[in-house]
């Protein structure tokens, strides 16, 4: 007897939600970005779970791509955050609001 | 009959002229003025070719041409005129040189000014000659832009507001029309088409007709303008430069009425018949309301603008009463209004050039200083208020007569409008020209010069001519008008033949 | 009809020239007035004179047709010009009609018109807009002649409005005076109100008769139902009340005296104001077809107007205004005649009235000319001694209007009274006789005050009698006032019979009655003159006047205020209209109509301004909005999926 | 389990992308070797060459029709049309950027490389026949765009827009990814189209299974719409657009508005109107709501904007709404209309941003509406060109924008979405207001002192001239373009 | 109790616990560490579902490389930076809670019902993966798939990575590193800064 995939999916769903909420409530750009990583991780879990449900390997392959994309995003994202930090000495996203209305 | 494509040539002469003017080197203002005048005059002369080649016994479309344009979407370049569009085209080409003459006093940015003016002429001519819905809509919208710039760049104090209002009001209406045109395009029998003559054979359900008609009507009613959609007009008229006002009142307002005659009624006869009483009601409200509001205006151009609302009320009334007399009168009244109101705007423009104010209160008693001007103004005002023997009367009389034939009681409020016309025009005339001179500057206003007289003389001549001998106009209008009336009435015409007790 | 009148065999091809000559002259003077200069008067008078000559030729031709015939037939000739308005089944042509009725009017208009033109040469001599004045006068003449000669109701309407226009132009000739400008505008607008009624009458004629030619209308009028005929007749008469200054639209005429006096004489006494009278006679079959209703209204309105205006005239001090009220009153008289089917009597009075009233206006003009524009009778007196020509000619007019035998007025007035009696409508007769008395009284009052008694002239004014050109008009008119009645002397030259083919037979009392009636008329005239003499020429006159005025205070005050009619119109029509229009123009249109339309645009802008806040610049807010979108989409999707 | 079967590698479908990637890498490497020794125009020259080759290769496969590379890419008319358009956008952007970069004195090498990479990503996006392929393509051009938006590193607003775009972009791609995951969960595949076996792929799944099995796929569809909706700036996923458009260097903004929108929409069209076509009754309501909101919010919010770039950003949101109308009926006619619209909108908006860029002065100091006062008197040609573009955006006849509206709204009316078109007309009317506002400022107000007439570089002038001519030409004679769009059929056409 | 269920329970608690802890950790380093915790727990979940290779990669690449990069940047920007947990944006937290709650409910519904809705036929679950893991083996199978079906995406990721590298090069280059880069800060920026202040 194995655990119903639904629970894995539920775990992924909760993590995804926490990630989304975290991205909304935290102010540090890097932290926000980490929450986005959390969401990506949750999606990975979904892929793996569905791979098991479907009984083929494709879902696990897809995780690789997510991983690569996440890595690339992290690189660029952190670079952008660094550039901003250099000019403002702050990683608080709330400080970045010259453009509005 | 000559094979020369007078109609198509006359449409594009102004555009070609506008392009040519683009190459006039800087600083040659006179060349621009005379060039524009020459172009408009050439267009007028060529349009005479249209007039003389027009076969008045043919109620169908003639003198046009047809060429494939966008085959995938069934768009064709298709033109042609009947007795209705003929006079609209003549009116346009006739007024345009006068508009150019009236623009002699404009000194800034002449090149774009004349380019816009000429482009406007092409647009307006195109509207009246198009027999393809797509082409029609194209010209219809295209007229907005030059006029927008004419008002916005060369207008007076509140010009930006006026230009904006003008553009947006008309745009909102025409966008709805676009929806309806697209619907028609797909509804056409035998495959989608924009061809007007093919669309005429459509047999739409009354319910469909109803909203399609309303969509077209929205566009035309704004343009005419019918109360209560008229409020752009006073602003646009007031702020536009003289030539702009002349074109706006003289021709562009007619585009709305023309649209109703050409498209509103023939395409959706049942709906038109159904809505006719409401539209006539609005027209009559417009006649009375426009006159009342005009009477109280403090600004001469505004007054004339509101008088246009009243006059166009007659036009619309005539169109929808469903009698040949009304229709013919309405169409003739379109021409008349173009002449009379055009002349009034030319006159007020000339006055503004001298005193730089349009406020009635700034004048008074100037008939003594500018007798020729005063005389001409009175003459045109009389034409506008429908004095028999001048053009306005013929149109208004026919409209009222036509109304009387089919809607006996409606004629009473409508005819009441001619009393009010006398009230507001003569009262304004009195305040401007009569009485003692109260403002010192008014003692030294120069009277009209040769140029201004030259631009008014043709108008005066036509005003008298139509008043005394409208036959050449009416006999060309009548066949086409009869056709439209038959469509409106579902096949039969009501004329004044039957004698019946009241 | 057209066919058979053309078959009558006299040529009317001169008719268009009658109109065209003054028209062309008018245009010439209008465009080249400066070059023509002082010759303008001569040109204009020549033009209208030529018209008169042509009219006489036409008249002679018309009579000539009759040579050798004893019975009176319709003698008419048509002139076909061109199709004017022709659409669908409706067609109106520019056709002229010369028959007995129009020829009479033609002669009056051109004849009296010529005299007044000539008079104006002297009267307007110093005016800076001299050529313009004559241009307008000629234009008026042309329009009036068109009105008279028109073969159809619509063409008649053209002339009708044309004379209205000229009246506007001429009343407002001295437009620098605000009162003149006002009066001109008032005249035009009040006339337009009448025209409105007239126009609708024309529409009804179109549908009921199917044609607008006078002949067709009169021929088919009998076939109309009485109801239709009544409505049409009353609408047409509505037009006449405007043009001919009857109740309720008479208010413009007293004000119209702001115009130059020759204008008052020509337009507001002799010709234009009689257009209504002419029109009713012209279309008399329509009025007849309504049974008695329409004519009764015509008659009673005429009677009421005659009486009312006469009362007002009794208390007026402005010499021209007295004449104006008198004109209104006399026009009422003419309508009274029409009301009792006595069209020819109406026309007869129209003719004689044209003579003597034009004369008196011109006389009054001469007085004003001499007294530097003074119009107040109280500042005049004994002028016959200093201006004999004016005085004597005026006396002719005075006697004529009072109805003293054998002056022109006596015959025409008597004809009306007799017809009224004969019709059995004694009320009208009574009003007529009362009015005759009042007329005699107030005209005598005017005459005595101005021309008799002590010489009173304003200080510093050198009083002079009329120059020759003015005298040249006064004297012929004086003569006509004396002998004008002769045109309807029984068995000599009877206008009544002459007009019979057009307007039908008049009922005249028989036997002794006419003599008694004439006697009664003479009696009241004499008593009127006498009372006036007692009040205005005797030494104790002013004292008696004061006593009488005190006793008649209830009448004097309202009469001096024109029975408040102007004020009532002002308060009930003009003012509310103005208020409504002002409210429309200043409140409703900009705020409500435009407010709604522009308001929708403003609403968009406000919404935009408000929604802008959502774009706060905080990226976390953006993310929240994003999540909101996701949640909404999720909700919709789940709702769809599970349903 | 079968042994490893080496995939059949056909490169025809992705040749344009490959050409671009190669060109981009070549630029980077070549520059590293040669450095600044060559005249600086060789960089845009090389980019032009790369884009030209790419364009040539794209046109070369016009009319072919197959699924390639293990079902990852669809070589079809739809993709080809989009790729040609993208290549053209790329060319225009590169030329436009050249003048801009020189003026702003920003190093150019990586810019071109990134633009080329971005276009490669976009091209991959339009021919992707697999969700994960689509995702990677999306990320490729998104990453390039994040960097391009922040390319003016010394400018605070450029950085800021880059960060906002990036954070939200990353946020949204998680949702897109979740959508892919759920779609995979629902169907067991990420392929859109069936390959050899008609039951494979999402489309095959939908055809061969009862509708009740598709419930999870519907949820996934919602998330995919969210992810792509973000890219095309559909409300309520549009919040980044104004900020990013305003802060980015003008040529990049133009490029984004044209290319990114086209790529996003092309993917959305491919997804919804082919693979998920059987689910149209489920996604239509979503799209209807989004379309209405997008049109209205875009046009209403633009009304009060004071910055021209920001204004154009809102306008681009509104236009996204208009294009969505083309997606909803999912008929051949409507899809070709949407394609037409996207292509022509791209040209027009690039022209508009070309003008904005050309007159913005060094440091983009001149982008406020008030700075445009009297532009007509100072620089009539620029003002005239901008007017033309604005009129086209407003959908005034004689410009291609009007035709776009006709070909999108017409099929929608034909399909019975009359009310939607009426809403679109209302939005158009509102939109007209702010286009007119710009014209008011340019023509009807007196110029301020202190602006030296902008010196517009030759290439930028060329771009403006080209786009202006295209705007007019296709406005008058749109046969070639509409014919191409109508022939641009999907690999799997339903 | 089944061992898998027990392990899953532990993983569930750890993963969720450290996720929630991320929300409340003030220091970015702590957040990163909690994220690492979550990721390790996830690796366990992968293992449980027969994704051995992926689990390894998850720990090495994700929890290892990527998170080190995060920490690296955090260090660069100041390790002692402590984020205040007060919310300056009005309503943001409330909205986040509400939306998060709704979203959680909905997505949980999908998670539980989703498998039923779409995959009722696959209750056997996992059997296929176990089969594959036995023969030809998890890694081989992954590799085959990656280099056949997913060849293009795989190659495309190389472009993606190049883009990322180029992008970072562009962004990370110091301003003024090249001599002609001394662009003054634009005026528009100044205006905006003033406007914001």
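Order of writing sets the chain letters: A, B, C, D and E. Residues in each chain are counted from 1.
Everything that follows uses one rule, which is that a contact is a pair of C-beta atoms (placed from the backbone, for glycine too) under 8 Å apart; a residue touches a chain by one contact, two chains touch by 3 or more.
From a predicted model like this one, the values you see are computed outputs, not experimental measurements.
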Legend entry - Intersection of the contact lists for chain C and chain E: A, D
Inset, instruction - Can you pull out the chain pair that has more C-beta pairs in contact than any other? - result: A-E
Inset, instruction - Report back the single chain whose CA centre is most distant from the CA centre of chain B. - result: E
Inset, instruction - Would you identify the chain whose Cα-based centre sits farthest away from the centre of chain A? - result: C
Legend entry - Where chain A and chain C are represented by their mean Cα positions, the distance between them in whole Å: 96
Legend entry - Whole-Å gap separating chain A and chain D, where each centre is the average of the chain's CA atoms: 26
Inset, instruction - Please compute the C-alpha centroid of chain B, do the same for chain E, then give the distance between them in whole Å. - result: 68
Inset, instruction - Give, as an integer number of Å, the spacing between the C-alpha centres of chain C and chain B. - result: 37
Inset, instruction - Among the residues of chain E, pick out those that touch two or more other chains and give their numbers. - result: 89, 92, 95-96, 99-100, 103, 107, 110, 114-115, 117, 119, 132, 141, 149-150, 153, 157, 160, 163-164, 167, 171, 189, 192-193, 196
Inset, instruction - Could you check chain A for residues that touch two or more other chains and list them? - result: 16, 19-20, 23-25, 27, 32-33, 49, 53-54, 56, 58, 65, 69, 72-73, 76, 80-81, 83, 93-94, 96-100
Inset, instruction - Indicate the residues of chain B shared as contacts by at least two other chains. - result: 168
Inset, instruction - Could you list each pair of chains that touch one another? - result: A-C, A-D, A-E, B-C, B-D, C-D, C-E, D-E
Legend entry - chain D-facing residues of chain E, complex: 110, 114-115, 117-119, 132, 135-136, 141, 143-144, 147-153, 156-157, 159-160, 162-164, 166-167, 169-171, 173, 175, 178, 180-181, 183-189, 192-193
Legend entry - Contact set on chain E toward chain A in their complex: 2, 4-5, 8, 11-12, 15-16, 19-20, 22-23, 28, 31-32, 35, 38-39, 42, 45-46, 48-51, 53-54, 57-58, 61-62, 65-66, 69-70, 73-74, 76-77, 81, 83-84, 87-89, 92-93, 95-97, 99-100, 103-104, 107-108, 110-112, 114-116, 119, 122, 124-129, 131-132, 138, 141-142, 145-146, 149-150, 153-154, 157, 160-161, 163-165, 167-168, 171-172, 189, 192-193, 195-196
Inset, instruction - Spell out the part of chain B that touches chain C in their complex, as residue ranges. - result: 165, 168-169, 227-232, 289, 292-293, 295-297, 323-325, 328-329, 365, 367-368, 375, 382, 387-389, 393-394, 397-398, 400-401, 404-405, 411-412, 415-416, 418-419, 422-423, 426-427, 430, 433-436, 468-471, 474-475, 478, 481-482, 493, 495-502
Inset, instruction - Spell out the residues on chain C that touch chain D in their complex, using ranges where they run on. - result: 601, 604-605, 607-609, 611-612, 615, 617, 619, 621-623, 625-626, 628-630, 632-634, 636-638, 640-642
Inset, instruction - Using the touch definition up top, name the residues of chain D that touch chain A in the complex. - result: 132, 135-136, 139, 143, 146-147, 150, 153, 156-157, 159-164, 166-167, 170-171, 173-174, 177-178, 180-182, 184-185, 188-190, 242-243, 246-247
